[in-house]
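Below you'll find the structures, each written out as structure tokens.
Across the two complexes that follow, chain A remains constant while its partner is chain B and subsequently chain C.
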Partner chain A sequence: MKTKIGVYICHCGGNISDYVDVKKVREAVKDIEGVEISLDTMFACADSSQKQISDDVAEKGLDGLVVASCSPKLHYPTFSACAERGGLNKYNYVHANIREQVSWAHSDNKEAATEKAIKIVKAAIARVKESAALEPIEIKAQKSIAVLGAGVAGMRAAKELADLGIQVYLIEREHFTGGRVSQLDYLCGADITGKELVTHLYEKIHEHPNVTLFTGAEVIEKGGSIGNFKIKVKITPRFIKKECNPEELKKAIEVCPVEVEDDFNFNITKRKAIYKNYDSEYPQIPTIDNKNCTRCGECEKVCSSIDFSQKEEILDLTVGSILAATGFDPYQPKDGEFGWGIGNVVTLPQFRRIINMCDDKLIYKGKEIKDIAYIYCVGSRQVDGDNKYCSRYCCTATLYTSILTHKKYKGINSYHFNRGIRTYGKQEVIYDEASRLGDIFLQSYEYDPPVVEKVNGKTNVKIEDILTGGREIEVDADLVVLVTGMEPRNDCTIGDVLKIPKGRDRFYNEIHMKLRPVETVIDGITIAGACQGPKNIMESMNSALSAAAKSYSIVNKGELALEPIIAKVDKKTCIWCGKCAEACPYDAIEMIKENGKEIAEINASVCKGCGMCLPVCESNSIDMDGFTDVEIESMISVLAES
Partner chain B sequence: MQDNQKIKEYDALVIGAGIAGGEAALNLANLGNKVLLIDKDLTVGGKMIMLSKVFPTLDCSACITTPKVSEIARHSNITVLTSTEASDIIQKDDGTFEALITTQPRYVVVEDCTGCQLCEEACPVNVEDEYQYGLAGRKAAFIPFSIASPRAAAIDIENCTLCGACERACPTHCIDFTQTEEKYTISCKTVVAATGFQLFDPTLIPRYGFGRFKNVITSMQMERQLAPTRPFNTVLRPSDGKMPDNIAYILCTGSRDKTVGTPICSQVCCMYSTKQAQLLMGALPMADITLYYLHIRAFGKGFNEFYAQAQSMGVEFVKGKVAKITEKEDGNLILRYEDINTGKVTETEHDMVVLSVGILPNEGITGLFTNRKLELDPFNYVSQSSPLESPAMTTVDGVFVAGTASGPMDIPDSILSAGAASSEAANYIRKVSQNKVTV
Partner chain C sequence: MNLSGNDLPKILVFSTEKISDPAIDMAGLLKLHYPPRVYTIPIPCSSAVKPRWILKAFEQGFDGVFIAADGTDCPYGESCTEKTGVVVQRTQEMLKEKGIEPAKLRMAAICSVCSEAFVKQMKNFTEYLVTQKTN
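After this line comes the complex of A and B, so read on.
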């Protein structure tokens, strides 16, 4: 039982004290048995307050500490560190949340809020009295990291980690590296093309002794935990030998009779079942599209490099951290959405491929294109649909595309049907340049989007234009470009395997946008690039490098101290019914035999302290360190007092 | 700090202790590097520590900044020096750097100051408080603000009359007028430039009347009125101390405006104005808030949803550039603008106007380097030599840029940019340590 407890109650600069009478809370708890010191403070988290708390712990020899402030999500680590600095075991610290749970929730009733705050602080004091000192669990951490996705973000992170001396497994689902950026040619704000950027990054990781690249590879299972993730990687065969003959392979592609939609070109062209997306693509070896190959054997006749005997492989890897850079998918318009389905309506990614294929004249489906209508925010900022978010990159990308068409072809007229151009920051100059090139901007009302229709053989775009005071304006376009936004990957199997939580926008969620922007709630798994939310290349790189630094900091020491808040089995009373093992979502519980008796054993480095095993244990043989039955019951009795 | 002939050695010198510099320093320190973090101001935390709540989550800014600031102050691998600047930075042949560090006297022994504020009470000199952006006064002996780090007094020697009242009042005798400027050289393996931004000076747009019309304030002044460490504990208009009930925001004040030399967008004003509008609806439930804008740039994660939320709360968004403001006798203001939605030139009266001022690069960073040229971009931000591949890289090998020193950005982007800078700086330190750098 603790006899020297320090209690600190935070005003949170008004966030709490505007609704909770902090002084009254202090009055109510100051004479509780065991409370040595009780104070209120403007900002408990401020450096000076933290110093006072840790000084008090040291000087007064406090044996328990309670800080009543905001959510423990934000400041539990702050104050438990204060306890530690003062010489108190950090598990003798209990956090009371009187902001999110009290002042913010009950701003309409100050008296009741104060009452509730008193109860919560009293309960925390009751719990701290029963708290036990715990020591962290030391484990070894693998000095290796799995980077998922070999787009530009993944490759960049892999290079950085490899340079820092970490063994990197770069795992790419496709048979080629480069992700979405390889589908772009000219890049806004750079003098290199997307393919050149990809090539450059590829060369760096390819030569690097610390990087092992797997293409056609997918993580299908994840076990273990931070420091020691055990992943299973499924590698699908290319059906082409590593030592291949490029000339013969060219012939093999020629003779392949199978033609399918080319998804690299967003289905505006066809490709063979044996293919490479573009000449300089890496790895340089083509692949056979197993789904569409008919095994007719034509390619084998002309090429000795074909090898249909290659089998799928499953690889087991152990890594200290996982960095997910799995990218995005462009939004796919629905039938009829802004004229989607009309022959000359394409998406922006398709249009970029078309520009790449047309040299001096812009031709689509045999017709020369002069008048181009861009419709913005397709699949973004939806009024009716689910995608409420802005895709961030598209305004600039579209204006840049328009500038490209002016530079490459003569006589282009661009009409931008937008919803307010968002060329933030320095990208403003792109907007300026497009305006000076004579592009026409028309802006629709929020709930009144432009209409695309086929009228007398022409594709007509109609808008009620804000910029001319609501006039109805029509344009007959040779080509309508739907500026499609970014969406989370449609196939997000990997997210499910890793159990990364998603936000309301369905992108992977970081823990805290400002405090921990590349970490996920799954310890040891970081996220980078557009899988976390729409980003341009530079922003993806920043997040990739940040995630690399974070993953590196997890593995670089080779050991980790884990939270000791885990389940414990009472060997005497356990009768091994197996229910705990069934309930455990982390496979942390196994049956062992001790002195001839079957009992449950908990793997300390895998147990996350979730508590799922506790309620199912019929003999009540499991208790949770840091949240023992005694602690919880002591809180309940205080809260139940009237 | 004593005058020490021996050159102090660090792995990294981080210039600027705002949120970006602080984040970069912490990352580097956590990877085992010795970091010298300097700031020319009296406190670390930069601009962010001054803010109220931050978009789009409405977290209290101080609640996010203070734990970082505290971690920085306490980290065994970080040395923090305030009132300190670097200059004469030389890069040597092995890729490492030497820099001259100059610390201005604070006239207070920080270790002995308890922050009791008795010196403040005793000081007879009243001057404008720059930390409250001129909304309130402070003494010449003062603590910058309650969550400053270090939370220690300083003497504003420019305004001090040397009356000695503070010295007599100080219970720990920590005031020391004999302190002088300190200069010494340090060596380091990498430099991170996190020199932040400055705010646009709205007196450059005379037609908005800032400085002449009392009820025209800047967005930073409004930010202070909404912050937990606010001067008045409510929102007041300056002319008569009344609570305003019809507030206008003029966006793009000093951004996207070639007439004042800023062609680019400041990237944060749309969102901070939308945020302030939401906070004002809480602080002044009866007030009408109108934002006059060109385009609302709600582009980041959760931003567009935040903008929609403001609209649904009743914040008025009017598309149109305000041409001119005139002041009425009662202090109210008439805004003249073309309402783009109707196409008509319109005049509207408000009782308070907030100018959403843009952000500008801080000057002087290039002059710090002697034998290397740190290039700037056309907008005078630190130039990124490889923005798509290594966004933190500058034109000087081994010098990395973090946060708004390379261009306007919001807090999440600044933190990611600092993450990138620390990652690349850590790698550079590693290379220098292995003698793999030749310059």
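After this line comes the complex of A and C, so read on.
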């Protein structure tokens, strides 16, 4: 029983104290028997607060520690480390979650939230009184990592991990690498194209002995846990032999009679059922679109490299960590949204492809384009829709696109119908350059957006411009460009397989945007790039490096220190019925004879601490460290108090 | 339902640290409100709940006990849900013997992203327990 317990209650800068009366919580627990010190603190996680906690542990000789703050997923490691720094075994630390499970969950009822917080802190004190000092268990961790998605973030992470000596399995759902960036012909602030950037990264991973790339591959099952994830990867066939004849393949593409919308060019062109998106695309082998191929056999007549006998494969891989960099989808406007569907209205991604296809004159549907109206925040910062977030990249991308049109074509007039330009950081110079080139900026509030209509055969954009005091301004545009934002992947099967939680924006959610920005609540799974939320290329690359560093830290030693939460048998009361051994999924329990009596023995190196043996023991001879009867039942008693 | 304070039934939730606890945390993050007299005790796996803990909860004054089971996501193996189901069934029989309505012990799979499902479960369970209290 602990007699010198330190209790620290965090305000979380108002996240807790705006809804929970923290002073009242402290008053309620300060005189509990065994509580040596009780304090409330504005930010328990601040360096100064951590130092105070560890100093108190050391100086006052605390034998138990409770911090009531946010979710243990976020700061259990922080405060258990404080305990250790002060010389206390970290298993004599108990974390009380009074933010996610109290102040935020009950922000609608402050009185009830305070009462609940008091109970939860009291229960934590009751538990820490009964806690035992334990030592961690070491397990082997696979020195391999699965990187999901071979876009720029995935390839950058793969290269970094491979350079650090980790075996990387780079798994790409499409048959080609590069992701969304390969669709970009120019990059703002860079002298290379998106395709060149993708090629550069591909060459780095292609020549690296530590990277194994799977294209047309998808993770369909995940088992195991941190250090030892077991994943099943489904590999769909390309239907083209590895050793192929490029000239024959060109002919095969020519003779293919099937034409479908080319989603690589955002449906503004057509492609064949056997295709490659662009010449320098990697891997250099085309693929056959199984969904649209009619098996007419025309390609086989001219190309010996076609192989329809290829079958789907399932691979089993074991990895220590999983890094998901599965990207985003561009927002697809709804019919009628800012004139979508009336003819000369395109999205920004489509417009960028059109620019790439037009050399001297900007032509769309046979007509030369001079007056361009850009409408911002389409699918972002929505008032009525789900996408409340800013997509971050689009203001800069649009202004840079506008500058390019001025440089590439003569007589272009650009009108920017915006809701406030967000060219943050150094990107302000792009805004400045577009302004100097004569671009006109018209601004509206979110509840009064511009209106796009067909008037006398022309596309008219009307706005009440707040920059000119609410004057109604109209522009007849040759082309309207909808500046569409980013959305989470429409097909997010992988998120369901990995069980990565999503935030309010429906992108994958990190544990904490500042403190643990690439970790998910699933231990061992990290996220990078735009699957986590809208990012530009540089931000995606940075998050990829961060996620790579975090995943590396999990596997690099080849072993992990796991919680020493294992079952233990009371030899005096055990009468060996064998039910615990039947319940154990790891065969960690066997019968031994001790002093002529048959009893159960638990193999500590095999036991995973699941507790499945606990409820089946009729003589109640099994307890689990950290979850003993006295600990759990003391919490129940406190929580049940009126 | 229009109850507040001590009129609300008290529910004990056994929640798994790796699977259902993140969902309950996310319910808070998303400000999805549920009745405040819901108290959570984290455990490694739902199949580790001892019947005596559940009986203790009822003895001490909890009106209902909810086990947030891992379902197929359990990191400890596929047998978890089945084993949890056996524990629940066995404990419900014990409750019956003690004259406690077995339906006051519930179990449902709550995965790491099932925040809305958890809130719905808590609201429904509270409503059920209110009807039990008033009948």
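Everything that follows uses one rule, which is that the second predicted complex is superposed on the first by the 465 of 642 C-alpha atoms of A that agree within 3 Å, B and C clash if a C-alpha of one lies under 4 Å from a C-alpha of the other, contacts with A are read in each partner's own complex, and residues count from 1 in each chain.
The working rule: a contact is a pair of C-beta atoms (placed from the backbone, for glycine too) under 8 Å apart; a residue touches a chain by one contact, two chains touch by 3 or more.
Not measured: the values here are computed from a predicted model.
By the touch criterion stated above, A:Val518 is placed in contact with chain B alone, chain C being left untouched.
The partner that reaches more residues of chain A, of the two candidates chain B and chain C, is B. Of the two partner chains placed around the shared chain by superposition, chain C is the only one that A:Ala583 touches, whereas chain B remains out of contact.
In the superposed model, A:Lys334 makes contact with neither chain B nor chain C. Shared-chain residue A:Arg392: touches chain B; no touch with chain C. By the touch criterion stated above, A:Lys270 is placed in contact with neither chain B nor chain C. By the touch criterion defined above, A:Arg295 reaches neither chain B nor chain C. Of the two partner chains placed around the shared chain by superposition, chain C is the only one that A:Lys119 touches, whereas chain B remains out of contact.
Shared contact residues of chain A with chain B and chain C: 503-504. Chain C meets chain A in the complex at residues 4-6, 10, 12, 18-19, 21-34, 36-37, 39-45, 47-53, 56-57, 60-62, 73, 75-77, 79-80, 83, 87, 90, 111-113. Chain A makes touch with chain B in their complex at residues 12-15, 42-43, 45-48, 50, 70, 74-75, 78, 85, 152, 156, 160, 163-165, 187, 189-190, 192, 197, 200-201, 381, 388-390, 392, 420-429, 432, 466-470, 503-505, 507, 513-515, 517-518, 532-534, 537-539, 541-550, 552-553, 556. Chain A meets chain C in the complex at residues 71-73, 97, 99-109, 111-113, 115-116, 119-120, 123, 224-225, 499-504, 509, 521-523, 565, 583, 585, 608-612, 614-615, 620, 624, 627, 629, 632-633, 635-637, 639-642.
Per the touch definition, chain B reaches chain A in the complex via residues 27, 30-32, 54, 57, 59-60, 62-64, 66-70, 73-74, 115, 146-147, 149-151, 227-229, 233, 256, 263-267, 295-305, 308, 319, 340-344, 377, 379, 384, 387-392, 407-409, 411-413, 415-420, 422-424, 426-427, 430-431.
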